[in-house]
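Here come two complexes built around chain A, the first alongside chain B, the second alongside chain C.
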Partner chain A sequence: MDDKITASRRDFVKGAATGAVGGLLGGMGLYSYTKNAYDRLPKVAREQQEFGAVRSVKVTAISETSWFNNAHLMEDIQKSGGLLVDQYTIGWGPFGNGKGPGKSSYAEGIAPIKAMLPNDLEAAWEIQTKKALHPENPGGFSSLLEVEDLDGSKHKYLLDVGWSYAWMDQAFKREGIDEMLKTGEIEQLILTHEHFDHFFGLPVAMKANPKVPTIIHNGFYKEGLQYIKDSGYQGELKIADKEMTLIRPGMMLIKFDVPIICRVYGETSLAFNVKDKGLVLISGCNHQGILQMTSTAYKKLKYDNDRFHGLYGGLHISPFEDWDPKYDDLVISLGKWDFEKVGCNHCTGHLTAKKFVERGYPVVRGTARFRSSSPDYLGNGDTITF
Partner chain B sequence: MEADNRGLSYLESRKLVKRWNGPWPAIANLLLIFAVFYATWWVFQDPRGIMRMYTPYVGYMVCRWLLIMLIWLAYIFDFWPFNHAWLQRTHPVVKGLILSAVCVAAMEILIKGFFMGILGKYGIAYFNPERLQAMGLTHFYAEEYATEAIMMFAAIASWLSPSWVVACENAPWQKLAQPARGITIAVVTFFLGTIVYFVTMHSHMAILFYPWQQYTAITPPYWEEFANTVSGNFHIAWIMSCTVIVWVYEGIWERYPFNLIQTAWLRRTSAFFGIIAVALCLCFFLYYAQDLAWGESIRGTRREMAPDWRWLHVGESAIFWLVGVLFLNFFCGNYPTKYSRPVNVFLRTVISAAIGMAVYFFYYRYAHLVLGTQKGLSHPQQFPMIPMIWLINLFLVNIWFMDGWPGWKAVPKTASERDATAEEVVAHDVKWTPSLAKGLAVGATAGIAVYFGVIAAMPWVGQIQMIK
Partner chain C sequence: MNRREFFSRLNPLRQETGDRPHSEALSRDALFRLAMAKGIDPATVDPERLETLLGLKAGDFGITGRN
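Take a look at the complex of A and B:
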């Protein structure tokens, strides 16, 4: 009798153990990816933080051509070991050491030019033309933002500083940026992220105004922070460590903590509430993804007409004219946000611009001047006003 | 000694015996494996290291195909052309080196000879980097696209090849001698893999190019609406889940519960499709769990909010569990073993899942400090599957090729042990009784309750700050 009970208990336990795994798997399989399961997800609560408004925002693409030969750039990356390699070790100017791809370092690169920064940039870049990989290839990304307040006053901001000293010096002169920096017209330098093509040209801006108030993402690596010092910066560096930083009424800096290729971490982008029009989003590279930015802004910010009005910047979709099916997801989905004006360039990629146009998105075309390669999108010297 | 006369493979005919008592064998092996892992990682994969194959797709392809070669040599070819006598008398370290070298050579031949050479030159252009480059792609992306396609083939093979051995018991070719059996199963699973590739990954590759290659592939792909993405990562999710469940079924589940089925064809068919069914359950749960933890995915976003990344992360998460499964199976003696098989299976499932979650957490918190990678969850060019599969490969080399050296040594099984292994194909320790049925009902209810408890907790889990 006892044996029977024991056997019965054992069978019960065996069944219970099997049933538990089965029940768990059954729940996983039969419920997880169903409409009922998704109905229980909480609706996204919109915080809709008020942050003021501006009358207009004008953007001048000082330079959107980060590099001039994509094959050369990719060759350098490939020979260095791919997209995860630290940008300071690749051997690009101004951190080339003449040892070849992937064998450089911040310390070795900066040593021969440090004393020349920021005032003797021609000599510094000349040294780099002998040591760096494809020294003729760098250009850079930089934009001038002119924000008009509701009272009509205007305020200028510099978004990124490009890459090549020689190219950026020329580009700044072309658009009068050097003078605006010298006179203090440019109120703040916003360094969106640490990437070579947005940041390595810093001494060019420092030459004009080493005290310009500057804000960076708190994900900058120690080499980047050191480069700011080595570039001759003498101002007060502001480090964005919160998701939202109000730059001025109607202008919000949004911080995204994302890992990025070539060992960079984090990017900041800008949101503007343009009076009676709606939200305008402006980015350097938008590594976080443009729709990530729209959905963050949608959840967190309050803006006029509750609609997305405009978009400008590198959208980081096919920067190397590469492709991935997930980019098509973006191209397909962007339409839902119904932007009225799309000013894209730089790392957006020409193929992406072509696909945007095919879908009927309002992409603003450029003039293909100053070495911008195509009128597909806004090029060097082109402007867009929101 | 040639193949065992009961038809047992080398792995089935040997018994691994601990060299020392206590945890020391496991500690010694893990120290050795981690040392070799880091050395080989630095030489082959690390973005700061020597060969820097983690571009990422070149390194991704290599680690995946190496896994397949290990499986083919040990499981499908039963170590042919090496005979059992050689395997028994050769020092484990020598075996490990020679057999690994054979796998690397075979992988090179397959990748360069078959995929890039034959298939890429005479069949489908995207398998051959030179062809892509000649058509205007940069050298870098030509290699990345070609290796991505070849890597996807390996993902499918990592499920189908072992599945034929584990679930289908090599049927109907189980009585063939080597290498006929190995070649037959390799060819058959490769053929099935090719079909699966064409209906899962070919469309993904076709929309890499502009315009979408609609005359050679289905574009947009048929899964778009269901998966909320046109990316083939949707298939990576369930296929990698299948890969993991094959080894769960083989290792910690001891082929339970399908081994209760006495009729051979029914047992094999049930096991094969049962693995897929369990994998789909896991796949859908892991996707849903992410939506609960981080908020519902938004199509077109990048990174962790994007559906394509979340499908990929299903496969990545499953691989973390596989590390736990193999660790428990290989280095902890398939702990626990003292209870009935169903209870052991239940406990091992819980323990291995806990280990997998711990590995997941520690990987994302600390791995970037040693692997030369970037902190963060969703770097678009980082795949945690690369270091995890690299580690799993070393587990397999250690246990399959090196008989668990230095902590363990292989001794031939006794005749009775061999008989028991041969008979073990069908389990007799669980029989249908009213008590079993009651237990099943109670257990299933509890399992469902646990499931709903887990999904209720996921939003809280999502608040845990993993990345610092």
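Take a look at the complex of A and C:
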């Protein structure tokens, strides 16, 4: 019997076509993961505004633990009406009124504590532990920025003020922030956005220095502006109303106008041109989207080596520690910018930090102290220098 | 000018390379709010994919390319 296998011309053509299509699809898939894939994206017009340079930027994560239980936070938001709900109505401290989720208001929340701000914060927060939803959940986000000019002089800025009065008071004392505010060493308070975990702790900073120059996004709602007054602020409030505001040579505030969850509008982030290294981007929460921040900086600013050097802050990819395939798009796309040093934390999410490491991004690990839950990223009390 | 460029000029939702016109910024606000109403935090989504994720046709809200 003849075992010789013969193929008809039809079989040959079918096989060749299947192989070609399979190879093409596989090749396209592999190509999409290469840097060359991005070269075909439309070239953008770059304005590249000069804004000077600094020698270095050191960041201390005073507190990156904005809340301690994701489930409790999401439960409060969902029971109050979902992502569009007004943060002042949810019933979180310091604006809880004891009526349950979604039934609070700024006026009702502030009434019993207004006279105590900013000097009797212990009593004010004690009242809130009886009225607010999940009163043990709040922590806060706040960072100290130490900027070294080219002439060697150093300048300190406070980025956000956290949430819980009790937690932030402790965190400020641990890092000496209260003393830096009292002595005027901290030159400016930059409130990135109006969110509870970055802003509600304001009286803690006001207790130390109610006149510290402060800058906010022009999208703050009337309740937020009133809270600044009710917190005891007596200084010069600057409203960022342009896309770019130069804080000092080499340090630019970038304003993003976007609606944010829990009825907040707009966020500001910072860009630094570090001499001979390149661009460093620092954010509170990045609600504008990490890709929006990188592409805006790329288009609008001129920086050394035309290189993205560093990144710090909440990058808002998996803030609630769930994972969805759409987050992978952000993780992969961020690789295009090829940062040399990534100091993420807070709403970046631990899962995202692990994904960054898997993809070879240079994530700086933390020490997991002061209730930061893992060393995946920079935690409370950790520092990074660019 | 090639054919693609010619037809691109006829499309009112074509990709902008400079500052967004005011109306387009408003569209982005509407898109972000729509996402939040559907339980999606828009900051966690690649802007290029947000419209698709919401079941809209690309360009419905004027977000046709990377910002």
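Following the convention adopted for this analysis, the second predicted complex is superposed on the first by the 340 of 386 C-alpha atoms of A that agree within 3 Å, B and C clash if a C-alpha of one lies under 4 Å from a C-alpha of the other, contacts with A are read in each partner's own complex, and residues count from 1 in each chain.
The definition used in the following text is that a residue touches a chain if its C-beta (ideal position, glycine included) is under 8 Å from a C-beta of that chain, and two chains touch if they have at least 3 such contacts.
Note that this is a predicted model, so its numbers are computed, not measured.
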Discussion item. With both complexes superposed on chain A, which partner does A:Ala45 reach: first (chain B), second (chain C), both or neither?
Written reply: second
Fill in: Partner chain(s) touched by A:Ala107 [first = chain B, second = chain C, both, neither]
neither
Worksheet item: Counting only touches as set out at the top, which of chain B and chain C does A:Ala123 meet: first, second, both, neither?
Response: neither
Discussion item. Output check: A:Leu150 vs chain B and chain C. Expected answer is one of first, second, both, neither. What do you get?
Written reply: neither
Worksheet item: If you stack the two complexes on chain A, which partner ends up touching A:Asp257: first (chain B), second (chain C), both, or neither?
Response: both
Worksheet item: Can A:Pro325 be said to touch chain B (first), chain C (second), both, or neither?
Response: first
Worksheet entry | Winner by number of chain A residues touched, once chain B and chain C are compared | B
Discussion item. If we overlay the two complexes on their shared chain A, which of chain B and chain C does A:Ile239 touch? Say first, second, both or neither.
Written reply: neither
Worksheet item: Is A:Leu291 touching the first partner chain B, the second partner chain C, both, or neither of them?
Response: both
Response to the item:
Dual-contact residues of chain A (chain B, chain C) 41-42, 44, 82-84, 257-261, 287-289, 291-292, 295, 324, 326, 329-330, 333
Item to complete: Show which residues of chain C lie in contact with chain A when the two form their complex.
Response: 15, 17-18, 25, 28-29, 32-33, 36-37, 39-47, 49, 53, 65-67
Worksheet, complete the sentence: The answer for chain A against chain B in the complex is residues 7-33, 37-38, 41-42, 44, 70-71, 74-75, 77-78, 80-86, 89, 102, 257-261, 263, 265, 287-289, 291-292, 295, 320-326, 328-334, 336, 351, 354-355
Discussion item. Can you tell me which positions in chain B touch chain A when the two form their complex?
Written reply: 47-49, 52, 54-56, 58, 138-141, 143-144, 204, 207-210, 220, 229-233, 256-257, 277-278, 280-282, 284-285, 287-289, 291-292, 295-296, 298-303, 305-309, 340-343, 345-346, 349, 372-376, 378-382, 430-431, 433, 435-452, 455, 459, 467
Item to complete: Provide the residue numbers of chain A that touch chain C in the complex, in ascending order.
Response: 41-42, 44-45, 82-84, 257-261, 285-289, 291-292, 295-296, 316-319, 324, 326-327, 329-330, 333
